[in-house]
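In this document, chain identifiers A, B, C and D correspond to the written order of the chains, with residue numbering beginning at 1 in each.
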Amino acid sequence: MEFNKIIESINTDFKEGLLPIGEEAPTDHIQVSPEDWGELAGFLRENDSLKFDSLMCLTGIDEGTEEENLGVIYSLHSMIHRHKLEVRITVPKSRPVVPSVEQIWRIADWFEREIYDMFGITFEGHRDLRRILLPEDWEGYPLRKDYIFPESWHGIEVPKMKEGWE
Amino acid sequence: MVDFFLEKFSQISWLTGLPDGILFVLAVILIAIPIFLFLAVNALVVVYAERKISAFMQDRLGPMGQGAGLHAGKWGLLQTVADTVKLISKEDIIPAAVDKKLFISAPFIFFIGSFITFVALPFNQTIVAANFNIGIFYIVAVSSVGVIGIILAGYGSNNKWSLYGAMRSAAQIISYEIPVALSLLTVVMLVGSLQMQEIIKAQDGVIWGFLPHWFVFKNPFTFIAFFILFISGVAEVNRTPFDIPEAESELVAGFHTEYSGLRWAFFFLAEYANVFIVAGVASVVFLGGWQSPIPGFLEGSGWGLVWFLGKAIFLIFTMIWFRWTFPRLRTDQLMVMCWKYFIPIAFINIMGVGLWDLFVS
Amino acid sequence: MRYFSNIWQAITTLLIGMRVTIVHFFKARKGIVTLQYPVERWPRPERNIGFSFDSYNVIRSRLHVDMDDCIGCLKCVRACPVDCIRIETFKVEKGVDIPEANHIGVTSQGTQKRLLVTRFDIDMTECCYCNLCTYPCPEECIYMVGGPNSSKHEIDYEFSEYDRNNIIYRFAKVPPEEVARRKAEKEMEKTAL
Amino acid sequence: MGVEHDHELGVIHAEEMVLNVGPQHPSTHGVLRLKVQTDGEIITKIDPYIGYLHRCFEKHCENVTYEQCIPYIDRCDYIASMNNDFGYAVTVEQLMGIEIPEKVEYIRVIVAELNRIASHLLAIGTIGLDVGAFTPFLYCFRDRERILDLFEMLCGARLLYNYIWVGGVSHDFPVGWVEKTYEFIDYFEPKIHEYNELLTYNKIFIERTADVGILPVDVAISYGVTGPNLRGSGLRWDLRRDDLYSIYDQFEFDIPVGTGAMGSVGDCWDRYYVRVREMEESAKIVRQALDQMPREGDVHATIPRKIRPPKGQIYKRTESPRGDLGFYIISDGSPIPFRIKLRSPAFTAVSCINEIARGWMLSDVMVILGSLDIVLGEIDR
């Protein structure tokens, strides 16, 4: 299905006027608010004409220190209809909470844990949200742009310089 | 053999004064030392053979020594010697959390289990430590003493992998005792004796004009019985495809995960002794032991030793060949194979041998 | 029925497998691929594996710098993804030899040097052998030894050492007292300003 | 392990045992740790712990230029570096809108398919090792070695190539390389028969893998499992055909899927056998590509001096030997990427292990893990 048709379908079948249509609207992705996302995800997964049954990728981004915004990008794909959709959600750094889609796409379980690990975005409703790549007691969220690398961890100094090398 | 030594002792004048008990112990020690040496040499040779054979089967060279310095000698001949030196000189580690008594005694129990089995194994017409009248029965009974060692090792190591290995091993060895005993029974039925030498002597002569009158060729049922015995024997000594107690890709090293150095060497030694026992028993019972493959040709006690060792070595080669060809079975499949396939077939075999003996021959 | 087909399948497939290994066993002379490393080195044309040495295009081995050709342009430093190259330079008169600093003014390609390279260190412990530094070099003075560069420097891929610091290669040929003198001069200039 | 006897009810309450498989274990294919809850030998729950090999790949990439990312990407899936580089290069090229010379496309396809063969050889060898067959593993390595020799001849490196660059490849193939590759393909195709004889149709191997660890298609899709694992579950889904990139439309090749020949669709044997079949298909592609490849032509022509993609973002996925290898690249117009996210196929594959290994025995976990063909470098990044 074409991107326009997907938008249309969401607007008509899910919620009237959820997504802007027109010149200024983005042509490759849809931007939704965290409040809508929980329901929309289920709709995208279940609706027969959309049927986004596979979550290809879940990317977290930190939009830089000035904007103070964190984002989550869902790359969806339908194995049946062979169309894709990119969904973006932006949340402020002060309250980074996004509804979890872990029970809709099972892979989101680990993808969300990874983003929680790296960006500190909390996924509401995730049944097992803990760090995945980093140790459980790691402080900070490394992929945020304002992350400062720790000098030491559990008393292990990070060697800055080596002998004979300034 | 004990009688033989006692008789010799009685001819030596200064020994006759000693009490009988001491003479008996002396005789036993004189028998035990060669067996022990044989076990050590056997392990050295079989380990080297295993390395080389596996290497050639896998397009490798195996241990080799070339160039400057003392590597492993020509063709890696010193590899196992070097191994031995390494094992002996290794630090003796007893992990803090193990059950010390069990941990220390386990390798020796395992070793004793295989060591005492050699007592009844005839190497040729005369060399047999004790020519029991219940030889086969003794071997079947004693060869499962080793499992106690394995269980103690697994239990005493205080390691989950070891425990898994021990439990698997116990189940496996106890199960495979049955097809082994049942297939030995077919021969016992034919011979009417449990004595090893009697069984070998019964395999004298020619069958169908050209084949040696070994029990493996005697009739179709004994032919199957031989394979059941051999494969169950392989299973009993925990070798691939039945090596689940030490399955290195699953249980790290199974029951001897925590062992190293000399203690581990005892497991190793006993394992290869067991390999020889399986090959030896199979060749005695089904392949005519010291009987020449061409009846009437190259007989005598010297050649008898050669024929026996030759047959045993061939079977050991086959076991090595198995090991480097097959994947490993799972525990439940191992049990299925034993209880659903080997044991029923072994029972049918016994019946078949009896009927064949009654009606055909 | 399945019972018997299982037995039959097991026997046949296992025997086929055993045939494969025994064929390898008896053909062992022909098919062995082992290389007995310290004695035999890699290019061994008589084995059916591996290729002859001449046909090599590139080789990833130790980095080497021909200091006489280095103009200190820092292109390799910028290309390195792991920051394992360190260069320090001093401005000198263009194209003039400085014998006390072992400095040759003109490179083999005829470029006149503007800079005296007092430090050119490569930490091979950090090097990831990506070869990215060799491409941008305008004078082709940093390269991986061996392969097409074997005429410039023979192959050296076994440069193991007991001390990590020995794998930091220092290519600059300027004597340390000369470096110290120039540093002091620079300091003087700075303070004079 | 405390066993507690409840005499009143006449039942025995047995506690479950927690077993740590890994991080150091012979068959976790790296430093994966599985916290396994077992009831005897039966698995009741598996909780994978990853991250022991975390190397901050994504953070690194935010600090180096697009060219310098490639050595890091090599090290993600270190078994199939060429495919990783290929995916990255294709993604950045699409972001920049670069056209690639035909010869470069052919070289890329050839090396990527050769690397796919090498990766699958490792996969089928290690599954053999996991079930206890040592010899097939060494046969596979013997043949993989020849592919690595080809790569060494091509670019000097044996494992981490940095050969495929954005806009081209680092340099042309050397004299004699094409002939050597032909020679290898001629040598390799009959060898597959040998693996089949020794391992694939071995009864014990079939017993160990068939009907074990069944991954149904819907579960596979929901878990994002892709590549040979998904095809093993019976879905004909291959990005080389279904989401075309590069020049894969010019070759004739089959996409093997699991059929449940030895057990049920989606079992370990199917996943294994799909890989064996895929090696044949890759060999076919390499042969066709070698036949069609223009011998003359420059491979440097389109490499821009400085890779500086326009502001924007892209998600592109390519078929690596393990499945969909996706790159999400956000560019802010500078030569340093704003964000690179690598969507790793092995990451999704290992996430579903609890689903498919539950209820099987301890020995089966290793087989299932082997049949999923994971590379920890890619999972932990």
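Just so it is clear, a residue touches a chain if its C-beta (ideal position, glycine included) is under 8 Å from a C-beta of that chain, and two chains touch if they have at least 3 such contacts.
From a predicted model like this one, the values you see are computed outputs, not experimental measurements.
**Q** What is the graph distance from chain B to chain C, where chains are linked when they touch?
**A** Steps on the shortest route: 1.
**Q** Return the chain whose centre of C-alpha atoms lies at maximal distance from the corresponding centre of chain B.
**A** A
**Q** From the C-alpha centre of chain A to that of chain B, how far is it in Å?
**A** 62
**Q** Averaging over Cα atoms per chain, report the distance between chain C and chain D in Å.
**A** The computed centroid separation for chain C versus chain D comes out at 29 Å.
**Q** Please work out the Cα centroid separation of chain A and chain D, and write it as a whole number of Å.
**A** Those two chain centres are 25 Å apart.
**Q** Quick one: chain B and chain D, Cα centre-to-centre, how many Å?
**A** Spacing between the chain centres: roughly 44 Å.
**Q** By the touch rule stated above, which residues of chain B touch at least two different other chains?
**A** Counting only residues that touch two or more other chains, chain B contributes 57-60, 324-326.
**Q** I need the residues of chain D touching at least two other chains; which ones are they?
**A** Answer for chain D, listing residues that touch two or more other chains: 135, 142, 198-199, 202, 204.
**Q** In the complex of these two chains, what residues of chain C are touching chain B?
**A** So the residues of chain C in touch with chain B come to 3, 7, 14, 17-18, 20-22, 24-25, 28, 31-34, 36, 38-39.
**Q** Which stretch or stretches of chain A touch chain D in the complex?
**A** Where chain A meets chain D, its residues are 53-57, 59-62, 73, 75, 79, 82, 86, 105-107, 109-110, 118, 131-135, 142-143.
**Q** Mind listing the chain D positions that touch chain B in their complex?
**A** Counting only chain D, the residues touching chain B are 17, 19, 25-27, 41, 128-135, 138-139, 142, 198-199, 202, 204-205, 207-208, 361-364, 366.
**Q** Spell out the residues on chain B that touch chain D in their complex, using ranges where they run on.
**A** So the residues of chain B touching chain D come out as 54, 57-60, 160, 164, 240-241, 243-244, 247-250, 252, 324-333.
**Q** Can you name the residues of chain D that touch chain A in the complex?
**A** So the residues of chain D touching chain A come out as 50-51, 54, 56, 58-59, 62, 218-219, 221-224, 235, 237, 242, 315, 317, 324, 326, 328, 330, 338-339, 341, 343, 347-348, 351-352, 355, 380-381.
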